[in-house]
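Below is one structure, written out as structure tokens; the observations come after it.
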Amino acid sequence: MMLTELSNLAGTDSGALEGYNFAFLDEFTKREIRRKILKAVAIPGYQVPFGSREMPLAKGWGTGGLQITLSIIGKSDVLKVIDQGSDESVNAVNIRNLVSRMTGVGTTSDTGRATIIQTRHRIPEEPLTGDQIAVLQVPFPEPLRTIEPSEQVTRRMHAEHDYSGMWLHLYEDIVKHGKITIGARYPCLVNGRHLMDPSPIPRWDVPRLHKSPVIHLFCAGREKRIYAIPPHTAVEPLEFEDYRFETEDFGGKVCERCGSSDTFLDEIIDDATGNARYICSDTSFCEKRQRGEDV
Amino acid sequence: MNPAPALEVNNLTKIYGSGCRKCIENTGPDHSRNVCPVCGSVVACADITFDVMPGEILGIVGESGSGKSTIVRCLHFDMEPTGGAAYLRCSGNDSGNENIFLLNSQRKRAVRNLHLGMVYQNPQMGLRLDVTAGGNIAEKLLAAGWQNVEKIRDRGGKLLKRTEIPLERMDEAPRNFSGGMQQRVQIAKALANDPDVLLLDELTTGLDVSVQARILDLIKEIRRSTNAAMILITHDLGVIKLLSERTIVLKDGRIVEMGLTDQILEDPQHEYTQLLVNSVL
Amino acid sequence: MHVLGGKEIKGFEDVSFSVKRGEFLAIIGSSGSGKSSLLKCMYRTYLADSGSMLYRRDSDNTIDLTTASDHEILRLRRNEIGYVSQLLQAVPRTIALDVIAEPLLQRGIGIDDARDAASGYLSRLRILEDLWDAYPSTFSGGERQRVNIARALIRAPRLLLLDEPTSALDPASTAVVVEMLRAVNHGTTMIGIFHDLSVVRELADRVVVMKDNRMVGIGTPEEIVGDRGD
């Protein structure tokens, strides 16, 4: 009874593949994941364990993000999937195709048009708005794992707001290297309370999480954890008074395609010449700039 | 007019095992055992009551297994006592009138980081041997909310200088240090936040005599220059004689005698203390 | 200040006397007569089995030294009651200057001021300045005992207990010590055990005689010692 009702709500008559429930997951699974998302939103940055399902995708290839997307997507949504800023990587294309076939919803590479953006390792350059949802794939949800192997202990550390071990890790980094060397996965304090792994986004993207109008949902399928940054929530990278958090510096390089100097650039070494070339990591944004659109 | 004790401990009891009603009455120095014959539980210590004044060194002596370490481990929240209470009455401690054993774990951690310092017999327990010496001190400061690397290093350097660790070894891991040096790093770490109570558990046991002497001198210097109350656990009456003004003698988990150190050594009242004193002198 | 009725210790029994503020009381008697036990009970190194020892403070309140808490005794030792043993208890690895300065440091006086005061005592004691930063364990018996007494006097105690302070000294050193004790200001009450009757004659206002663990007499030096030789 319940199942039928929920199915009807979601709808299955819109071009989705026959023989499957809308959005692949059964309704009970979606409900479990939605509940866990609610809990994650209620406790910003806290990792909520959930019953991660087997997906038609290898673990570690975005099964967490996929489960979130499939649980929240509705018929009127428009989906964008990127992998390290690119809509056209194999992984992004396959996830996009899978969701599209299982729901019949439209897809786009245009950041501005998408209602749900599932992403791996990047946040789009184009500023997101409050009516969009960002879904981030997460390989390692536990920011404290680098300093503490035991899950029991890291949970206690979160519960007691005991992050001196992570601060010590940063201190030692500074002592040994003269600066903090963490690149991606820079630990951030969310809402002044929980330390969070922002997923392997570059430091470049970290400040854009701070007080963002967008809801960011994080999910690690293999590690079975969901966490979230609700809109307008403080996200502060750990930093010392005299050793500040810094984003990547490209030394004045510009994108050789669109000429941007204010975007995160990929360095590509030309095999033939050995020279480095720089292009925008966010391909959709880069194309918009090339077309002269105002972004 | 009389200063208040920095630490008050009332009826501290620690029992390993299920425990039964007969545990306490069936163990202790009168029975020469600490294992309850009824239920087999180990009464590590029971009915331990004492206080320590600011600036005072209280010695606790007793042979291995007498429950000395259990007392300081309970006070440092390394283990949970079975019963009893402890009150830390020092300035800046908002839980001065609360039994610290009943605080939640987050507040216990705050008490430990801000008001207590601990030096273990085994440096491995008090130090992260693969983190730099400066980092080990920094950990305590970071836990107390220090956010400035330069200030942390300045404080760490001063503490290391005070404990006679060459400054150039500040950024080296204590794993490479000698036992005596490791112990001095532990002391520097314990002093990081100017603790109100310093717990010293057999801090010179197993060290060469000359190394021992330097560490004991360091403790004397700390007594002079701080107002920390210290609890000094040792089985070495020589250490007690040198450092502590008052002494507790422990046997089978109970206090058999408590008094001025010179009285304990020269006019011991309990049979066991007499044996202990005569074995040494 | 009164010391009343110590009882039933193997060391001594039924000892009752009182000492006035500023008075110098000598205790004499043969070895094993219980003199030292009596003195150690006053300092609480020994615990008395019965009786009381009433110590009157400046504030006029009276403390029973046999029953006062350990904390109270420690406070008295730090501020009011000093003890000089037969020999300096060696303080390892501490130079003479700091051995004497230590009681002041314990009271929270800065190291420079404490050392200043200590060096004053050392010069008055005629200890060569070369020795000030040497370890007292290397000193002669006489020098060591002078350090010992200076260490007690630097606290300016109200009550000073002296346990045979001159017994190990040669005549010259004894003379220095006697001179020191005579110079102590009159606010300090002293109770001292002496063997040397000439010292007793020189220092004491009154004398207690112990024999076989009992007190057998009390009086002025003239009454007790007369002009007996040593």
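Order of writing sets the labels: A, B and C. Residues in every chain begin at 1.
Simple rule for what comes next: a contact is a pair of C-beta atoms (placed from the backbone, for glycine too) under 8 Å apart; a residue touches a chain by one contact, two chains touch by 3 or more.
Computed from a predicted structure; not experimentally measured.
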Pair with more cross-chain C-beta pairs in contact, given A-B and B-C: A-B
Chain nearest the overall Cα centroid: B
Chain whose average C-alpha position is farthest from subunit B's own: A
Geometric centre distance via CA averages, subunit C-subunit A, whole Å: 80
Rounded Å distance, subunit A centre to subunit B centre (Cα mean): 48
Intercentroid distance (Cα basis), subunit C paired with subunit B, Å: 34
Residues within subunit B bordering two or more other chains: none
Subunit A partner contacts - residues on subunit B that touch it in the complex: 105-106, 109, 113, 128, 131-132, 134-135, 138-139, 142-143, 147-150, 152, 171
Interface residues, subunit C side, partner subunit B - complex: 40, 44-47, 70-75, 92-93, 105-106
In the complex, subunit B residues that touch subunit C: 2, 53, 56, 213, 217, 224, 242, 245-246, 258-260, 262-263, 266-267, 269
Of subunit A, residues touching subunit B in the complex: 156, 159-162, 164-165, 167-168, 171-172, 174-176, 240-243
